[in-house]
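What follows is a group of structures, each given as structure tokens.
Okay, so subunit A shows up in both of these, paired with subunit B first and subunit C after.
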Partner chain A sequence: MKVVLRVLAGPAGALLLAFVLAAVAMLIAGVSPLDGFGALFSGSLGGRRPIAETLVQTTALLFPALGVSLAFRAGLFNIGAEGQLLMGGLFAGAVGAHFAGPGWLVIPVLLLLGMVGGGIWGGIAGWLRARFNASEIISTLMLNFIALSLAGYLVAGPLKSPLASGAETAPLLPSGWLPAFPTIGSLSFGDTRLTISILIAIATAAVLSFIFTRTVFGYELRAAGEAPEAARRSGINMPRMTLIALALSGAVAGLGGAAIVTGVLHRFNTALSPGYGYTAIAVALVGDLNPLWVCVAAFGFGILEAGGLAMQANAGVPKDAIHVIEGLIVLVLAARRYFATRATGAPV
Partner chain B sequence: MSTGVSLMLTLLFLTLIKSVPIVYAALGGVISERAGVVNIGLEGMMTAGAFSAVVFTNLTGSPIIGLIAGLFFGAVLGFVLGFAATFFKVDQIVAGVGINLVALGGAAYGLVLIFNQPGASPQVTQLAPEQLLPQITVAETAMIVLGLLCAFGLSWFIYRTPWGLRIQACGENPRAVTDAGLNPLRLRLYAVVASGALAGLGGAFLSICEVNLYSDGMTAGRGFIALAAVIFGRWTPWGATGAAVFFGFFEALQYVLQGRISWLPSDAMQALPYLAALFAIAGLVGRVRAPAADGVPY
Partner chain C sequence: MHQHFELVRRLRVWQNIMLGREPRKGMLVDVDGARSRVAELAERNGLAIDPDALVEELPIGVQQRVELLRELEREPSVLLLDEPTAALAPAEIATLFATVVQLAKRGTAILVVTHKLQEVIDYTTRVSVMRHGKIVARYLTTETSTDEIARAMVGGELPQVAQREATGTQPCLSVRDLSAGVDTTTVSDLSFEVSAGEIVGIAGVEGNGQTALADAIAGMIPYTGAIELDGSADALKHRENIGIVPQDRHHEGLVLNWSIVENAILGRQNLPGIRKGALTNWAAARADAEAIIERFDVRAASADVAVRTLSGGNQQKLLVGRALLGDPRFVLAYQPTRGIDVGAAALVQSRLIEARNRGSAILLISFELDEILALADRVLVMFRGKITGSFSGADIDRGKIGRLMAGLT
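Our next item is the complex of A and B:
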């Protein structure tokens, strides 16, 4: 019984649960699970275009999930990936609208700006925690809402494109667009939304994996998360680590925002994220906070996100069922131990 | 009446109205954290309350039944979190995040399934919408009074009754509760169920007292602001109530100022309550102490 429970509380159990619950959600909506899953998978994996869209969603989830993993590894609950993603996109979009130049210059600058925007947003939470012992859980959540109203104000006012009907920045010049995903054999992605941003995301995962396992900083970061008391006594500057970890975590999420702006939207508006930053928490947990497994988890959730739309259109199952399933997966995975202790944390 | 006075009156009553849902959720946060369970799921429990209140009002035509349904479904989510946090010893924050995702997704799913319209529900019967004063309805007044009674009742309960003291002990030193021959896990479960019920009531207020429908994202982080109110109020019922009114004031201020200060647009002012909460928890450096076993599974 105990063993069964332990296996069920792991990613494998979560996956199994996801399938069972998806079937239940389909049955409630009066749809045969066969039709529902058929629509879900043909809409996400059935062909070149669906696969490209799945990978677009994978990328959108992967950046914030990597950011969340980094903070969680340091024992910090960054629930603010949504706001950090938005700020990254805002920084990239605000400058990108007016930045003319060759692509080799514009694209890296915009991506870097995304990291700066997200990094500032994560850094604020880090500073509040390091300096005032203000719970990062609450501050990152509050910063999500503050980011949304700040961005909403800017795109409706100072940054609004005079040519756009809605609230959004002026479009990026084509030199600032991320190149399409390279052609593999006869498989071309030029007519899809898939760009090289997925390669950037995977490279980011590889870099983070290297940092975690092969660098002193990564070791200290994990020590701060796994044994905060021992880390402190061994001379790790905990407030500094808190600030750096949350700023870096935000920077990775912010990079994702810039990747959406330069790769998909080619402008900034507040519809940039339909909640990627929250789903990213589920992705990070399913990936066990390990960057390489997080890539796999992001692909799984990418299938759900892309297939969910097809499932709604073709099988009549509301796509929001997907988010219920994601939430239940998080609930199941909460039974695992991610943190050594919460007793030393800031008051929540 | 001069414009200044009437504006002040509007601000006063709006503050009271906007505080109500935060007060209920914050009281829920107090009882849960006093028992040692951090309830990040307050937001989701409010959502469940707001949505189910509309569904059941629509089903029965009676907003009173809707209100009770809101309380009930908030409590159901409280039970889920409480059960997970006690008998399965899950990470409470992670579980709370899960509860929020489930509730938000579930309400959006339910909107399509039950009402066949995404985004917002159709209008239902509002709870006692008659105006008591020009600024406030009968239902809103009743819910304010009930909220104050809840604060009074909770304060009396946790400081003056044996069961309340035992709940407090669960948050400070659950081992001592075991040694006294009681089951701290069960007490924690009861506390989180009560917490969910209060949050559900706060959510129901949003959907069937203030307005007459549910729309996606209508809780707008009030459950999270309530968590900040718990800290700002130092884990006491009256402190949390006061803090909730403080945050409610900033929400009301945003409506009153709208269009009155030309250089401060409404989008930017929407950030006011969240900024207030952020400053509030940051301003308490070294001056607060959470219950010793708060957030720690036993």
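Our next item is the complex of A and C:
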């Protein structure tokens, strides 16, 4: 029994348990788990195109998950990555539609604008918390709805492209498109949606990891999250730290929005995110808020997101089942603490 | 009876005492019956109390009396007291034990857990010494001494506390007309100085404004008046000039999930030498951690283990070691030996005296009068946010200080 509990307390055991539970769910729905999982994995890892699509989903999740991790490490529950992602995309898309110039100038500017947009959105919540002690849990969540409505209004009105039938901005000029993922040997990704944005995301993770472990700012940010009272007494300006951490957290998520606009959509509309900002919270937690492990977790969730569509098409399992699996993984990981306590008598 | 009060602060004395065992009249609480029962209980045990007083408005010593009465109401045959005198002034301690001794004479078995050896000698009949969760010695009180008990607690000879050396009297920290704090924990119009090479002890029962004083000096709360280091208020803001041992090591001093190395630079993270540009100089941090581990005998497998895994005594040694690193001009030590064993406490006290000998000005705030008397060159007594007495050298008088701590003159 102890051995079982110890296995369940590890991340691998948690994944295993989640998949067993998902298999049970499929059986209840009348689908063979073998067919279901077969479709899931062949649709996400079975070839060049599925892998490219998995990496596109990984990237979309990774930016907001890194943003969420940064805030969580500072002890701030930023659940507003969705809104910050949208605002980042909106800033990049609104300007990109009218910005002509060479790619080396346009692309960095649009990505920077994405960080500004997301940073402002996160910063608002940070300022409300720092100035009025307003719970960032509530304000970041509410700002998601404001972002969605605001963006929806702008793309249906002032920013609407006269040529488009739907609510979206005018397309970016091709010089604002992110380059395709580089060819590796004979493996070319020119005909897929995969761009260098995955490399930018991984570089961002590396930068965050460096900030956390090597800089005084990162040290103070972690102190603020781990032990607020000790941090305050060590001379850290806590309101200022709150503002900076939430603004930075939003900026990283916003960078993700700009990466989707410049890399995938080449314009902005509110369908930019099917909820990446919310799934990102799970990704960040599964990755233990450690930027490098968050990359791994984002890849895992990327497999589920990309494979889910294939599973729906080829095995008749509704795509929503993927969200059931994602939910199960988070639940089981949350239960890790319990399993670990039972196995060792001490909390993890 | 628990070490920390388990009282409902917003309820009255009789409500606290009868909580969970209220006499009833049909569906209602028999208020008159309960009140008279509490009054009779207090009378019988010789513990004066107003049954209708709100607990939160009572002084600590009286709250302790309520705790005791609540336990006595059950007419126990065994009474367990966990550090019952932690928050009491000497006079209140005598009153408490007078009651307890009476109970014992009437046939109640009483077990007292305490770290104050003099209380053991004064009031008990038998002593057991615990170390690392085991009973290591048993004595009849009449056949033992505080020294013998202390040796059993440490498991060997007590380390000698460092000797005091003559030092100058250059004023270092000066506090003038200081008022700070809110509600019950305020200080008003405090003025005193601490010289370089001097330990000034603030004696007083917990809750008489010590926290407000410490927080004001640490810059954690707003205040009026002046606090200056070497004649400058700004100098106090420079971390290299001051070392602070906060009262609550778990919440105010350490990040429990972090390693010793990470904790060794908390509060010092922006000092030149630790900060290099935007980066943390982890090699310097590690060197500091190793220095603290060696000088303060912090028992840990390595400097990389989480502070959470250390014993309270080792955590406290780390905390004091960090505060004394680099011989700061001024050290604020708030309960520096709180809740640690006598061996660790003796080491911490020695290091404080050594820092004094090297010229640090030290303000020692402690609720343990013995600690103040052992360490301080000068003793200030604090009562209800004011300094009510000042003693130095040969004038230090335990009896007088004790009375002032209780608000007597």
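As a convention for this text, the second predicted complex is superposed on the first by the 321 of 348 C-alpha atoms of A that agree within 3 Å, B and C clash if a C-alpha of one lies under 4 Å from a C-alpha of the other, contacts with A are read in each partner's own complex, and residues count from 1 in each chain.
Here is the rule we go by: contacts are C-beta pairs under 8 Å (C-beta built on N, C-alpha and C of every residue); 3 or more make two chains touch, one makes a residue touch a chain.
Computed from a predicted model, the values in this text were never measured in an experiment.
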Subunit A contact check, subunit B vs subunit C, more residues touched by chain B
*asked:* Quick check on the superposed pair: does A:293 touch subunit B, subunit C, both, or neither? Answer first, second, both or neither.
replied: neither
Ask   = Is A:234 contacted by the first partner subunit B, the second partner subunit C, both or neither?
value = second
### Query
Does the superposition put A:41 against subunit B (first), subunit C (second), both, or neither?
neither
Q.
Quick one: is A:150 in contact with subunit B, with subunit C, with both, or with neither? Answer first, second, both or neither.
A. first
Which partner chains sit in contact with A:217 here, subunit B, subunit C, both or neither? Use first/second/both/neither. second
Note: in the complex, subunit A contacts subunit C through residues 214-217, 219-220, 223, 226-227, 229-235
Per the touch rule above, subunit B residues touching subunit A in the complex are 33, 38, 40, 80, 84, 88-95, 97-106, 108-109, 111-113, 118, 220-221, 224-225, 227-228, 231, 265, 267-271, 274-275, 277-278, 281-286, 288-290, 294-296
Subunit A contacts subunit B in the complex at 25, 28-29, 77, 79, 128, 131-135, 137-139, 141-146, 149-150, 152-153, 156-157, 278-279, 281-282, 285, 318, 320-339, 341-343, 345, 347-348
Residue set of subunit C touching subunit A in the complex reads 218, 220, 239, 244, 246, 251-258, 262, 265-267, 269-270, 275, 278-280, 282
